[in-house]
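After this come two complexes, each holding subunit A, first together with subunit B and then together with subunit C.
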Partner chain A sequence: MDNTVSQEKQAFYQKLGEIAGAGNVLTGEKATAPYNVDGITPRAIACPTSTEQVTDIIKEANKARIALVPWGSGSKQQIGPCLEAADIILCLKNMNQIVELDASNYTVQVQAGLVNGELQKQLAEKSLFFPLDPFYMESSTTGGEIAANTSGPRRIMYGTVRDLVLGVTAVTPTGDIIHTGGKTMKNVAGIDLCRMYIGSWGTLGIITEAVLRLFPLSEASKGIYATFASAEDAFRTVGQLLNSPLTPSAIELADWIAGRKIAEAIGSSLNEGEVLLIVNSEGTNDGVERHGKDITSLAGANRAKSTFALADEKASRAWNAYRGVHEAMLGASPSALQGKASVPISKLGDMYKEAKKIGASQGVEIGVTAHCGSGILYTYLAEEHERLVRITDELKRAAASLNGFFLIESAPLSVRKGADILPPRNDYPLMRRLKTEFDPNNILNPGRLVGGLH
Partner chain B sequence: MPTMAEELEQTLQLCNKCGLCLPGCPVYRVTGIEWTSARGRVALLRSALLDKRLGLDALNDPIFNCLTCNGCMEHCPPGVPTGELIFRARQELLRQKGQPWLQRLLFKKLLPDSNLLYKASRLLRLADVTGLRTLARKTGLTRLIGDAGKAEAMVPRVPASEGMDAVKRMVKKIDKPKHRAAYFVGCYAPNFAPETAAATIHVLNKNQTEVTVPDFVCCGLPAAGYGDIVSARDMARKNIEIASKLKIDAIVTPCASCSSFLKDYVKLLADDPEWAEKAREFADKIRDISEYLVQIGLNTEMGELKRKVTFHDPCHLSHYQKIKDQPRTILKSIPGVEFVEMAESDMCCGAAGSYAFKNYDLSQKVLERKMGNVARTGADTLVSSCPACIMQLSCGVSQQKLPVSVLEIVELLDEAYRNARGND
Partner chain C sequence: MIAQSIIKELARIVGKKNTLADLKDLIAYSYDATMRQELPDVIVLPQSTAEVSAILKLAHREKIAVVPRGAGTNLSGGTIPVKGGIILEISRMNRILEINTADRRAVVEPGVINLDLQNALAPLGYFYPPDPASQKTSTMGGNIGENAGGPLCLRYGVTSKYVFGMEVVLADGEVINIGDYVEDFPGYDLRGLFIGSEGMLGIATKLTLHIIPKPEASQTMLAIFDRLEDCSQAVSDIIGAGIVPEAMELLDQNICRVIEQSVKAGYPTDAAGILLIEVAGLADTLEKQVQEISQFCQKNKVRELRIAQTNAERDAIWAGRRGAFGSVARICPPYIVCDGTVPRDKLPEALHKVGELSKQYKVLIVNVAHAGDGNLHPLILFDVNKPEEQEAAKKAGADILDACIAMGGTISGEHGIGLEKMDAMRHMFDPADMAAMRRVKHVFDPDDIFNPGKMFPPEAEAGLPKEKGAAR
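And now, the complex of A and B:
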């Protein structure tokens, strides 16, 4: 029996070259080792050039029961529940073109392998931009961003993938091409399958194209960087800001552990216990001016230690330092863990306090950043396995007591393999049935979602 | 002695595989192949050294087709020093496989001796003047030696130069000098580009700097680039020794690669108790020409130059030394010059020392991208500050038939000073 399977697999590997073209299939350890995911090195990397090729590959993979791993730029492959198998990486890097830029309707249809940063460059020539700004946007692809439902600080002003993706073309795990949504703002008839693909982590199909919403470039932008001696003062500022007529485009926070490099970039420093609050605004010159003034005085009224208003290159240097915090904190130690708490917006200050309390009681330094407008708080810590599990259990309890949840995103492989990294929910059985219905042979990213959706 | 794996474990683990380096990697930009990117190379080194899944000898290509331009580091939040890792891996490969005779000759005999190097360069000139080179091309001899043969056209015609002696003769006494500097001439200028040496001395003189030209040997970078750290250290000690006898404020060079590596002597000799401190003192004196001129206050008594100028940042200047503003400050202060920024100005041109000779096709693809960016500026003058870049860019300009002249920054400055009214 094993022999038959391997013969089928053998036949599949041969067909792969015929479908995608020999030059678009990479084999050999030198080519495959860099794609090692969750400890598994794939047999080959296939880089199709069209939706039809993806379909053909998936149909053949079903026959031979080959596990396929969709891949954009790979920035999120180290996140979430571990894969159970990874025979072939299906990399969409060759599908990286703009299909149609419809400036008058503020939409763009793109192939899923187009890198966000590249898209922005081409849009900027038409004075447009796509507001999705995940930390990886210089390398992340549209398909990956949709599959991982990833967003960035601007979500407070423009929303997330759900609000910015109007349509998706995907190949289902059985090889059917489906077009969901479209170019119009209102385009759902029946169940919204387009949104089902958002955050599906490559388990329900391979996204090959998408229609995205665009906005005209702002006239001006500015960042206010304020340091506070106490986190309470910073969170009070956030509360008042959210309850004001102001419309900032990002409200971000970093504590003295995570914010060290940002503080350096603005020519300041953070002592133990201090936090940095970053409030960006963008829009018209007048509007940005008014935001800068009001936010500075609001921070001052809440006892900010120092406030810096940054524009142009200084702002972009500081902002890049903030955007790099996540990777810098993770890179600092091989035993680093990054977890994400999501709590009601008003409870964010409480979650911060809880995280610090847990760190103090466990004798471990926990670095924190937060998307303050969305109630999301990231924690960074480095410890040995057992203690990482114990500490994250406490963080999970703390988030739950605030009517939120905590999940582990990046962690050493042993932790991701062993611990419950996703929060408990009662809809997982339904999701499993959905996965089985879509992917009866479990060939797409097997194991990647909710405790192994299979 | 720790093994290489032990030594590099922590550094290799800095990489989270996020891929933010990808857009900064010139080779990946033209190949789209993961193992030619910074992330891919680090993953392969990890696989070989930490997981022991691969032998290092299987990694010859990924270790040697890295430009070591450090473009990746500009985008890497944890700061994975991919270039350093690659250099270290080359050392190890050299230890395992031994050194080819040509490299031994170059790094152990020619480069540590400016006189011998000059004699070798005259052999090349002989090939030029006797028509041997043309003959080699016509008979297809150059094609027989692979990539190096294809790149042969890049080697400039060797001028009639008298090497370091000629450079020394260019030195003049000046009235009331405010500064005293040693000019680190490097290997290229005395043998292939005496006009750059003349321009450097003239520009320094115009900035009230009295110049001396000591008998420095090669900075050592070419040897280190091939993993021959022993030869690189020998050359470093020689240069430090020579500098210790000089009464100077600074050691100045217009070659970005030289200044970058000379500053790195601190790291190179950090574990040598006898030389570590001397290396620090030496490195403190090293200045790139633009860095030096802006620091002492550039003399702006220049004549007008009607040129539209763009600047290519040499990797060893922008990525290694973080010198980006100074050359622009200088170019913008030349009267009449219209400065225009090119896209991806700090993306490697593909020269990377002798990379173009070892990886001709890749190097050409990287160069094509650069030439596209140059052409889009509409500039008539392309300025840089590194002989390898200048050689590569000149080759690109002539291949693409662009109406653009390629100049070292000192040459443009020299022209501006010569155009000044009342100039001698």
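And now, the complex of A and C:
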């Protein structure tokens, strides 16, 4: 039995080169080591150049029961439940072209391997942009961002992935090419398979193309950076801001641990216990002007220590410092852990307090950033294994008691292997049936997402 | 026909007075805004999730079709019980359970009427953006079933953007929660699959909605054009300049005439087309928006640009648009509503094509459109006593949808497929696409209990999906 399987696998590896072209299949330790994922070094890296090649590879993989791992730039491969197997990395880096830019319809069709940052450069030449701005957007691919359902600060104004992706082309785990959604803003024809692929983490198919919603570059933009001696004052400011007719494009918070570099970039500083609130606005000159004025006075009324209104160069320097926090905090230590709490918007200040309380009682520094308009709070800490598990258990309890949840995102492999990554839900059985229906042989990203629940 | 014993059992679940099986009741629930009519066997009006679950357990045991129904305002045949069975009407589940402005959420039962929710939110300074023309009567559950749109969706997006979580009863009576009150829940977006699934995957019994603060100020305009081409070109120019009004509705001369016969909206009856434009936002930004829009209208030879000066004037302008379908029904009850949608810049081309088809098939077509979204609503009128005219109207409707597909558009922007557009599904999707949709249906509802005989053209019923994999 084992022999036949390995013969089939042998035949598969041979066909892989025939399908994708020998030059697009990498083997050997040197080539495969950088693609080590969840402790598994894959046998080969295949870089197909078309949707049809992806289809052919998937069909062959089904015959030989080969585990395929879709890969964009790899920036999110450490998130979520661990893989059970990873025979072949199916890397989409060669599929990185704009298929059609329809500027007058404000849409662009891209191949999934196109890097977000690269797309933005090409769009800027036409005075357009794509408002999706998750972590790693300079290097992450649009297909990967859709599969991982990652949204950034601009979500408060433009919505999340599901609001910005109008359609995807995907290859199902059994090798069918399907087209979902389209180029129109409104589309209710049939079951909405496009949304099924958003956040499916490569377990229901491989996204090979996507149609994205674009917006014209704004006439003006401004960032208000306000420091507060007390986090409570900052969260009160957020509450009042959200209850106003103002429509900021980002409401972000960083505590004194995560915000140190940002404070430096704006010529300020944060003492222990202090926080930095960043409120961006973009649009027409008059609208941005009004936002700047109102937000500054709102911060002042809530006892902000100092407030900086930044535009142009200064604003982008400060914003880049904020954007760099995630990678800097994670890169600071091999035992660093990043988790994400999602709680009701009005409970974000309570979640912040809980995180700080847990850090203090455990004697560990927990750095915090937050998307304040969405109830999302990121925690960063570095500790040894046992304590990471204990602390994250407490963070999970705290988030759950606020009617939200806490997820471990990036963490040392040993922690991710041992911990329950996903919060309890009662719709997992249905999700698992969906996975089984679409991927009966469990060849796509086995173990990821609901595949990790037993 | 289902057995009397089943009807008795249903009556035990929801009460006798909430179980309707008289012929007059069956007839009342046999149709919607489309032309087909089929009798259900029984109508039940549950009041709680537990009752809905008990009904489904019974239906599942007996393999009886269940058609979820809100107010029955749908425009695609979605609630017509083509296979008989049970109509499950959610109108008695109409409580607003929670409004939390600090969390930007409202939790409601599915029978809450869209406008009732708006009226509860307005005093708090908040609103729920999707505003289908039927909002006076249509339910939130129905809005979710069809993924409803509306004029304001141009700026704010459609229903799917505003539904965060749902309590859902599955085909075997199991109650689960999909989506969440909070953002970024992990796992597959079952909520995304459920929204717009036309009652074919399950029935939602509780909805968590996203609400937002009302804009500080708004301004409503009526732009009157002598040529329809100019009217639609003005839309393209405004959108092309990156201006996003709250709403931008186009109405042609025919519909204006019809509307003025029943609603006194003050629309001109001698102009080729009008645009109803509303801008909103911070008070400081409105003047400039109005100015820019009026420049684009002028560039396209606008005859007159009226700006509403009072709330009464604003309401009158809107009353005409909201009463459009009703006004048509008053003069000519049988009509086909198309819902084809094209990429935004293709609107002039699409309207031109509709005009051509009207001539070709010798049928009267009146046009309203959510113009900024490229969402057309040509209403094709015909005499129900002239079969050849009815046939011509159907053909014109099918040709309009094909033309939308050819322009890179879709067969439905907000009304759904139901019975009406089943044939057009084949023109829009490959067999593989439909097979994947049917897989989803199979996972949620392997026995085809929920709203059978809809959406998929009959020949797609054969073959797929295979009976493997998703067994529980």
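Just so it is clear, the second predicted complex is superposed on the first by the 451 of 454 C-alpha atoms of A that agree within 3 Å, B and C clash if a C-alpha of one lies under 4 Å from a C-alpha of the other, contacts with A are read in each partner's own complex, and residues count from 1 in each chain.
The rule is short, and it goes like this: a contact is a pair of C-beta atoms (placed from the backbone, for glycine too) under 8 Å apart; a residue touches a chain by one contact, two chains touch by 3 or more.
Fair warning: this is a prediction, and the values are worked out from it, not measured in the lab.
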Do subunit B and subunit C fit side by side on subunit A in the superposed arrangement, or is it a clash?
fit
So, does A:N36 touch the first partner subunit B, the second partner subunit C, both, or neither?
first
Does the superposition put A:Q97 against subunit B (first), subunit C (second), both, or neither?
neither
Tell me the contact category for A:Y428 with respect to subunit B and subunit C: first, second, both or neither.
second
Should A:Q10 be classified as contacting the first partner (subunit B), the second (subunit C), both, or neither?
neither
Touching partner for A:L407 - first (subunit B), second (subunit C), both, neither
second
Using the touch definition from the top, say if A:K186 reaches subunit B (first), subunit C (second), both or neither.
second
Once the two complexes are aligned on chain A, which partner has more residues of subunit A within touching range, subunit B or subunit C?
C
Arrangement angle, subunit B at one end, subunit C at the other, subunit A at the vertex (C-alpha, nearest 10°)
140
Contact-wise, after the overlay, does A:S50 reach subunit B, subunit C, both or neither (first, second, both, neither)?
neither
Please work out whether A:V325 is in contact with subunit B alone, subunit C alone, both, or neither, and reply first, second, both or neither.
first
With both complexes overlaid on chain A, does A:P245 touch subunit B (first), subunit C (second), both or neither?
second
Smallest Cα to Cα distance in angstrom from subunit B to subunit C after superposition equals 21
If we count contacts the way the header does, which residues on subunit C are in touch with subunit A in the complex?
100-105, 125, 146-147, 149, 153-154, 157-158, 160-161, 170, 176-178, 180-190, 192-193, 195-197, 200-201, 213-216, 236, 239-240, 242, 281-282, 284-285, 288, 341-346, 370, 373-375, 408-417, 421, 425, 428-430, 432-437, 439-444, 455, 465, 468-470, 472
Using the touch rule from the top, collect the residues of subunit A that touch subunit B in their complex.
26, 29-31, 33-36, 41, 45, 47, 73-75, 77-78, 93-94, 115, 117-118, 136, 138-140, 323-328, 330-332, 334, 410
Hey, which residues of subunit B end up touching subunit A in the complex?
10, 13-23, 32-35, 37, 39-40, 43-44, 47, 53-54, 58-59, 61-62, 75-80
Quick one: in the complex, what on subunit A touches subunit C?
80, 102, 104-107, 149, 151, 159-160, 162-163, 172, 176-180, 182-196, 198-200, 204, 215-216, 239, 242-247, 283-284, 286-287, 289-290, 340, 342-347, 374-376, 403-405, 407, 422-423, 425-431, 433-438, 440, 449-450
